[in-house]
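Here the chain labels run A, B, C and D in written order, and each chain numbers its own residues starting at 1.
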Amino acid sequence: MKAKLSNAQMAWRAAQDIADGAYVNLGIGFPEMVAKFQPPGRQAVFHTENGVLNFGEAPAQGEEDWDLINAGKKAITLKPGAAFFHHADSFGMVRGGHLDVAILGAYEVAETGDLANWSTGPTGIPAVGGAMDLVHGAKRVAVITDHVTRDGKPKLVKRCSLPLTGVACVTRVYTSLAVIDIENRQFVLREKLPQLSFDDVQALTGAALVVEGTFADLVVPEL
Amino acid sequence: MDKTVPDLAAAVTGIEDGMHLMIGGFGGAGAPIELIHALIDQFRATGSPNKLTVINNNAGNGRIGIAAMIDAGMVEKMICSFPRSADPRAFTEKYLVGKIGLELVPQGTLAERIRAGGAGIPAFYTPTGFGTDLALGKPVAEFEGRSYVQERWLKADVALIKAELADTMGNLTYRKAARNFSPLMATAAALTIVQASRIVAPGEIDPEQVVTPGIFVDRIVKVADPRQEEALMRAGVAYV
Amino acid sequence: MKAKLSNAQMAWRAAQDIADGAYVNLGIGFPEMVAKFQPPGRQAVFHTENGVLNFGEAPAQGEEDWDLINAGKKAITLKPGAAFFHHADSFGMVRGGHLDVAILGAYEVAETGDLANWSTGPTGIPAVGGAMDLVHGAKRVAVITDHVTRDGKPKLVKRCSLPLTGVACVTRVYTSLAVIDIENRQFVLREKLPQLSFDDVQALTGAALVVEGTFADLVVPEL
Amino acid sequence: MDKTVPDLAAAVTGIEDGMHLMIGGFGGAGAPIELIHALIDQFRATGSPNKLTVINNNAGNGRIGIAAMIDAGMVEKMICSFPRSADPRAFTEKYLVGKIGLELVPQGTLAERIRAGGAGIPAFYTPTGFGTDLALGKPVAEFEGRSYVQERWLKADVALIKAELADTMGNLTYRKAARNFSPLMATAAALTIVQASRIVAPGEIDPEQVVTPGIFVDRIVKVADPRQEEALMRAGVAYV
């Protein structure tokens, strides 16, 4: 594979689209890195499904309070202006459209906006957590993901082959190669790494990439 | 992130003709009198906002607050559970001559519909009202042999509510039974406007004690010594 | 009319059936008097729809805090162990079956358990408040009412003629003449004033009074 | 009215075979470890309660708490959103050989179903899960052109929850994110059993700060220095 963004760089790119004062939910795992890259002068408020608004970074090791965790069960801290609430209120915020953006990981994203990110199929232990709620709640649902699987198969596809998390819910995908919007059931290329040609990106994508007007270079700092 | 606005006029700006307004309070407890009167001032000065639908448990009392809005002619329709009060003439006079609309909703259903609006639940089933005139035309269903009425969520363009304490990010607490519908309305309106007796910096409200998290609040205006509707009523005050 | 109980006496009789520690909602107006007559050694917890549990008597005149009121908009006080909550939580208590008993007024009660207590017909201003929620929530819904209307017509009837508050919800009626249970869509006489004969009570009742085994004297102190 | 009981054994008495148990907590935060272990003790001593259905966000971690219940063989079925954890072997081993059942519910739907159970709402519509395997067989409906799944309330025979502060009438507060599902579960169970770090007299909790009003609580037992599941996990503790 040619040039690609690191996880941190993808997270950095996703962070640039978060407005000052936005209420944001970051999916468990690698999407959590987005919080680190808020542009200077902007302050988002982070929500975690298990009943905390406006939490901050992880505490120093040994300083953990295990009653103060995020949805990934990692220890967190509070920022001034935090609030605790119960699970029904927390998912009222989610389902009721009060979050400005949710940024989630993905196994597959379809050009229809369908997302598969909770189950790799009928074997093993199924576990869904809050993903299905988040995809139908936040005003904007974005995905952050490698452009292809470990064995090089496209994660952006025509139709998902894995069990769906939600139907027609994703509107933007930040990948290791490109920034792609989903509009009218099509992948619309907005930015790509300058080292790659359009055809390079198309070759690694499982459905047609559409260009509306023009697209920009995806430029991300070393991190 | 600072959601405070400088004054009441700024707090109520942008409310348009025909909008749906949730107004907190149960009787006089929690009625955001200063916000309501600021909106009346705006209507008197500009003719707008007009033709409002107002959602509140009641339909005004005396010649202040929601009653004064009705008197001023800004209200096209009330959605409420109990349009009676010690002095209900503002609503009654207009209602009896067909000049104001009424959607009567059982109180618990009103609360639950507003909560549903805020929580993204488009419909739910309740035993309340089954077999009564207030369920006419609504879908019914049986669950485990008992009959229920399907009710729909209720949302609004704007909520006007009264809090006791706010931080600048919009975290709120209320005072005693003045809480009532306000935490629900804050969740169910596109624009939630709060008058608070005190405004503090973020971190000065214990996160355990926040009743309405700031995510639900858009504008906060300080009204340091708010008037209480019931006390005004008993003092014979009119906002005309 | 022969002997009848006063409002206070009806309230006293209703209060005798409230167990120690019961959670109770009393309808606006005359049912509120029930709170005054809790038997010694018993302590009920009173709920009001507008978001207060464990409130106490009215404050002295001039001591009112108008942010501390009951559903009838009367000033109240708090007892130790009180709690405030919002309206959805309050009606969750009601609808969710957490109240042990609700005691309401009535225009009419049918032998089917139907209750009419919110509207006297199509004229005037309709107003329902929390009555329709209460009748389908509390574990036991009782009515406290004069046995007949001011012009002597039965309030206990075969079928309600006024708009219903709820269907098949009332299980006991405390009247100015008798205590009557509703079982299997019948009025079952449990107690009557000793000054009246069964036929006297039946004559003032709009549906058949059934006797199961025996009935007792309705004995209430002077109040 | 004093809802306190003298000890953990008294707190968990009367829980019968086949019952549905809601257990508070999200991961280790809020897990009522002492109540759970008291119930395991009872099972070991008497063989009962057995064949329990347990409702929790997760399905146990390591060899303590719910995982220890599963290891002990008391649990017939889990209703949860996320049966994975740092050390999920108790559930996983039994699940893969068909010795424990699983009803997987999206987390927000799980919370809302429990709330509905407590609030007397037999069914509601949610966008969550529409078009996915977790909505298979459930009624769907359209409202304003969007599709929703009908979900049913969830109730239980017993709730076991952990509070920070209780008064003897059952008014509760929680600690930080240990709140999570517990206030909902307290409303949705026929019998709600609470372990609290501190118990005070009525009146010592500010009525404004009560999170769970006492009406939802049946028994309170003091566990002055409760263990924290995550901390026990990390210390390698097993309840075997």
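The rule we apply is simple: contacts are C-beta pairs under 8 Å (C-beta built on N, C-alpha and C of every residue); 3 or more make two chains touch, one makes a residue touch a chain.
Just so you know, these numbers come straight off a predicted model, no measurement behind them.
Novice: Just to be sure I understand the contacts, which chains border both chain D and chain A?
Specialist: B
Novice: Given the two chain pairs B-C and A-B, which is bridged by the higher number of C-beta pairs in contact?
Specialist: If we tally the contacting C-beta pairs, B-C comes out ahead.
Novice: Averaging over Cα atoms per chain, report the distance between chain B and chain C in Å.
Specialist: So the centroids are 30 Å from each other.
Novice: Measure off the straight-line distance from the CA centroid of chain C to the CA centroid of chain D, and report it in whole Å.
Specialist: Between these chains, centre-to-centre, one finds 36 Å.
Novice: Multi-chain contacts only, two chains or more: what residues does chain D have there?
Specialist: Where chain D meets two or more other chains at a single residue, that happens at 112, 115, 119-121, 126-127, 174, 176, 207-208.
Novice: Of all the residues in chain A, which ones touch at least 2 other chains?
Specialist: Within chain A, the residues that touch at least two other chains are 52, 84-85, 88, 91, 94-95, 136-137.
Novice: Between which chains is there touch?
Specialist: Pairwise, the chains that meet the contact rule are A-B, A-D, B-C, B-D, C-D.
Novice: Please name which positions on chain C make contact with chain D in the complex.
Specialist: 20-21, 23, 43, 45, 47, 52-54, 78-85, 88-89, 91-99, 136-137
Novice: Please output the residues of chain B touching chain D within their complex, sorted ascending.
Specialist: 112, 116, 119-127, 141, 143-144, 146, 148, 152, 173-174, 176, 207-209
Novice: So in the complex, which bits of chain A are touching chain D?
Specialist: Where chain A meets chain D, its residues are 48-52, 65-69, 73, 84-88, 90-91, 94-95, 114, 119, 125-133, 136-137, 163-167.
Novice: Note which residues of chain D are touching chain C in the complex, please.
Specialist: 1, 115, 117-121, 167-169, 171, 187-188, 201-203, 205, 207-208, 210, 213-216
Novice: What does chain D use to touch chain A in their complex?
Specialist: Interface residues on chain D, with respect to chain A: 26-30, 57, 81-86, 88, 91-92, 95-96, 102, 104-112, 114-115, 126-134, 174-184, 211, 228-231.
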